[in-house]
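First chain A sits with chain B, and in the next complex the same chain sits with chain C.
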Partner chain A sequence: MMMPRSTGYPAVIADVAPVTPTLRRFDIRATAQPFPPVSAGSHGVFAFGDAVRTWKNPYSIVARSDDGSMLRIIVRLAQGSRGGSAFLHGQGRPGLEITVLGIANLFPVVRKARRHILLSAGVGITPFLSYMDAMDGMGLAYCLHHYCRPEERQAFHALLADRDPGRVVLHDDPDTGRLSEILAAEPVSSRLSMCGPDGFMNWVGAVARDVGFSPGKIHSERFSAPEGGAAFRVDLARSGLSVSVGPEDTLLDALEAAGIEAPCLCRGGACGACRVAVLSGVPDHRDHVLAEAERAAGDCILTCVSRARTATLTLDL
Partner chain B sequence: MLNASSLLPVGPLRFDEGGRRHLFVRQAPQLSVPSGPVPTAMTTWTVGGDSRVLPDPSEHEQFFRSAAHLLDRLAWRLATERVGLRLYAAGDDTFLSAVALTGDAAGMTGEEMYLAPPVQGGRRVICIHCSTMHDDVADEGLSCAGCGAVLSVRSHYSRRIGAYMGVAESAPPVGTEETGR
Partner chain C sequence: MDGRFNTDESYRFPYAVRNSDAAILRFPFPFPEDSYMYSMNVEPHVPAGPVASLHHAFDIDEHYVSECREKARILAEDPERCLVLPHMRQAEWDFVELAMDSLSRDYPDLFALDRDGDRWRWTNRPLEITQDFVFGNAGTLPCGPFEYMARQMQGDFTLQDQRDGDLWMDGGMVTSQADWSLKFDLGMSFGQWHAPVPKAPQMGIFDRALRFLLMLRHGHPVRRLNWTMTINPRLDTSPENFTIWGGDRGSVTADNVADKVHLRVELQSLFRLPRSNAILFSVRCYLLPVGAIARVPKWRSRLHRVLRDLDPALVAYKGLDRYLPQTVAFLSRLDDGAVLSPGIQPDTAILIAVDDLVPR
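Right after this comes the complex of A and B.
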């Protein structure tokens, strides 16, 4: 985190434009100090809301203006999420206040590799928009293969219109044979980076391993939009407090609302910074960080996305 | 991840099932191929040590006149190689170092390159003071052939240089050198 969580960078929405029916682009203008430098692949945690509630959601940063006055993000209208993206799609008009709580990079460009193949689906294209700018600047060879629905093809074509057409390929049909051909034709130096829904990344990862990509040359960013679930209660062993987590709240949000200084960074189950020891109760793990053995042990939880299988959890907080 | 021992990574060779094509390069014909089921897409390159030898691309085993000849061809092959290749090497420390340098330069990683334990005990050592290379250094110390410094061989292999570090025993630790010069 580059700023204390309590302050952040105050900003407002300056411009909104639809990308596809489910994707919306927001340009966010800093209203106090400029935004810090942003490396390709970074995400920010954006706080916004109304008098009733506040969301703190992570979004990939598509671009930062050279003077640091503007950040651009693209937000997908998530089904079954806790309503943050629905709020932005519905209420996110120019003038809406947004605080950028922190900027971090869990998905940096592997600079030592000369050739990169980028694979994305849907909103997973967002980190690669900044990747392509950075790679153009660094003189790295790359090719983006983006997968979308047939009805979205025109919209993504427009989004990518100013890119080198030799480096961008749109697919509206996930054909395993074709993907296998594309990946097998990559030079031995090539690194693969992918971002998209879990099903997409599992598919790409399996095809990549099948053509002989070594595991260390496959890079991915997995974010979970935290989903709601049954309400539960956490008892905090150190402070002696009890905190209720509503069906639409995340555990992390509930802890913060109760004034607990809980650790966190990405707020998307991707970094592991919010890991807390579980003293009793059974966690419902929804992150992309813990190993199978750690999940089975059930003695820790990532508060940003995970919930409880039992009515109460006791945490070492 | 920090490799505290910082040695040239070697180990018994075994075919990597994750690879789709396999290339085994060896410094001498008697060095054995990797263990495990031999993949169909497997080629062996062997240094024949005979000036009349020429590689025949149609054969599964190709012979080369010298290690330099093989390494030159290896760099050319890797420059045009596609993803899915696994490279295995057997020979002495100098040969393995050269293969690792060639593979690294082509963008391969340690997950795609496997080096057998060197067949002779000697190491490749660079004098860090004058950059003279010494092959087959069996002892823990030597006199540099370039600048004459008495070098002690540190157990630190430089993957970038392709050699172990030879440091003059008389070189003082950092911070204790005389000042004002």
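Right after this comes the complex of A and C.
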């Protein structure tokens, strides 16, 4: 337990099953030491790929088997994506090697609250699958409202089939009046947790504020999938190296490929661990961590998702 | 650790605590440089380091049996030294697993853990305990899981819940503390329980420390050394008992300073707990009289320089004012002014004999 596991937990895909046309479930089996226990709301960073390239993507951990041999994740295929999730949808068959580089929790259950209202859309349901298991175990009261497209209703119904029907509600249209009623009926002590696309979370946040939910009782998790963009170059002030970042690479990947020990944790713009000082050039911020003032100052960058507006950036690395 | 324990020690009046030469040499001396200022000084808690006390997840030394007995006495007198809020139950079990796994791995001659699914058998040879229990079922242990395990370990432990981007001290067992109270701090946030430390908040240290700890990863514990001074080998310098120990601070003279004044070092380590996402804060306390420190030439000179030049605000915060002059005077006679190597390692394997401790 004390040895740094920089190499992570080696594993293979053991089973794959479709959840909806765009969501696929992967069961991943440890091939060396078992996976550690996992707290509800955790994500893992998973490394996989082929001879050409390796992706290191964060996914919420839906479940871990009691003996630690298996982890389950659900991966969404984004429209037109050529990233790691598309690779898993295309090539992620049983036997594919996949390494769990690390597990962390940026979205822990607030155990102190006795009642929880969970709101999700699309793949945002994944952390709540582990939440519900944990809350059942801890005897916490909760209700999940999941929003999906009408044609996905059947699939999510099946995914939630073994849950207490009094505690899960599927919605196939985002009706503001109905959500206001649901939230207004909650006792003041309820905690609201939400996960889903930005548009969904902005909508829920606005409705919740309108019915008087205090911002301190709302908690959310926002990951960004790193999206490509124009190629750029970073000059590293301390090491004197120059690293080019291709249109499909992340800055963090490019740094690692150049042998730089760059800090990171979530690899999804959600934690802030990968923050590096920018000495010159203009960053293109794509994270959910930096405050407005920090963005405007332009003197730091989260390397896992953000890019450059200028042809080069100079970093304090 | 050779498996032998000083079983007849007393951490209260009449004091009786012995340190073997080996115990002195493994002391986590906290000053890598000749001057001291509060800092985060956090490093990975890996089984390595310049002194042997850093080589295990949880250090067990020759005082183990006596310290556990002292802890049991304190808890009998004041059961509220162990408090855990109900939402920390999973963290309690995380702690049990971490402690039993670590101790049985690091000291197989002293501890054993046999796991058969969730049926566990714990063997603690020094304390003569064998316990069969069901992991996750508190009813199968004689007391709460956290209390059960923390009673069998040296040092203090607190459990921090992580929520709303902060850490909350929502449980702990605190019997060897340097003048703070679990009863008072229970339920406080990170910023609240650090509020009394002078200067550090202005330096932004706690904001950075909190940001760092929120991202602490399971399997990657960290540690730091903190220090203060205590008169007599008294583990329990709690505010509740100030009337018992506070007066000792005026009792130091040139004749007794070597035996009475102790450097008190806390080996603080922090572990992310995997099921609960809580953080375990372990505070392992080491007490060594300055007379014993003086047997290591590097350490006595360095301690002299650090204490001589200490910031007055820290002197006041740590409550050292009433005996610092005597301590500095004692050490100054033993400091030959030589340049000392950086780092905390003792730079010797052999101690100066007590009789040779004559001032220059």
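To be clear about the criterion, the second predicted complex is superposed on the first by the 308 of 317 C-alpha atoms of A that agree within 3 Å, B and C clash if a C-alpha of one lies under 4 Å from a C-alpha of the other, contacts with A are read in each partner's own complex, and residues count from 1 in each chain.
The rule is short, and it goes like this: a residue touches a chain if its C-beta (ideal position, glycine included) is under 8 Å from a C-beta of that chain, and two chains touch if they have at least 3 such contacts.
Since the model is a prediction, treat every value here as computed from it, not as a measurement.
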| item | value |
| --- | --- |
| Joint occupancy of chain A by chain B and chain C, clash or fit | clash |
| Partner chain in contact with A:216 - chain B first, chain C second, else both or neither | both |
| First (chain B), second (chain C), both or neither touched by A:272 | second |
| Partner chain in contact with A:190 - chain B first, chain C second, else both or neither | first |
| Partner chain in contact with A:110 - chain B first, chain C second, else both or neither | second |
| Residues of chain A touched, compared between chain B and chain C (which is higher) | C |
| Contacts of A:238 with chain B and chain C, given as first, second, both or neither | neither |
| Chain C region in steric overlap with chain B, selected from 25-33, 43-51, 241-249 or 349-357 | 241-249 |
| Footprint overlap on chain A, where chain B in one structure and chain C in the other make contact | 216 |
| Touching residues (chain side chain A, partner chain C) in the complex | 1-5, 36-39, 41-42, 102-105, 108, 110-112, 138, 216, 219, 265, 271-273 |
| Residues of chain C touching chain A in the complex | 44-47, 57, 85, 87-90, 94, 98, 101-102, 105, 161-164, 170, 211, 215, 217-221, 274-277 |
| In the complex, chain A residues that touch chain B | 113-115, 183-190, 209, 211-217 |
| Residues of chain B defined as touching chain A within the complex | 18-21, 78, 80-86, 106-112 |
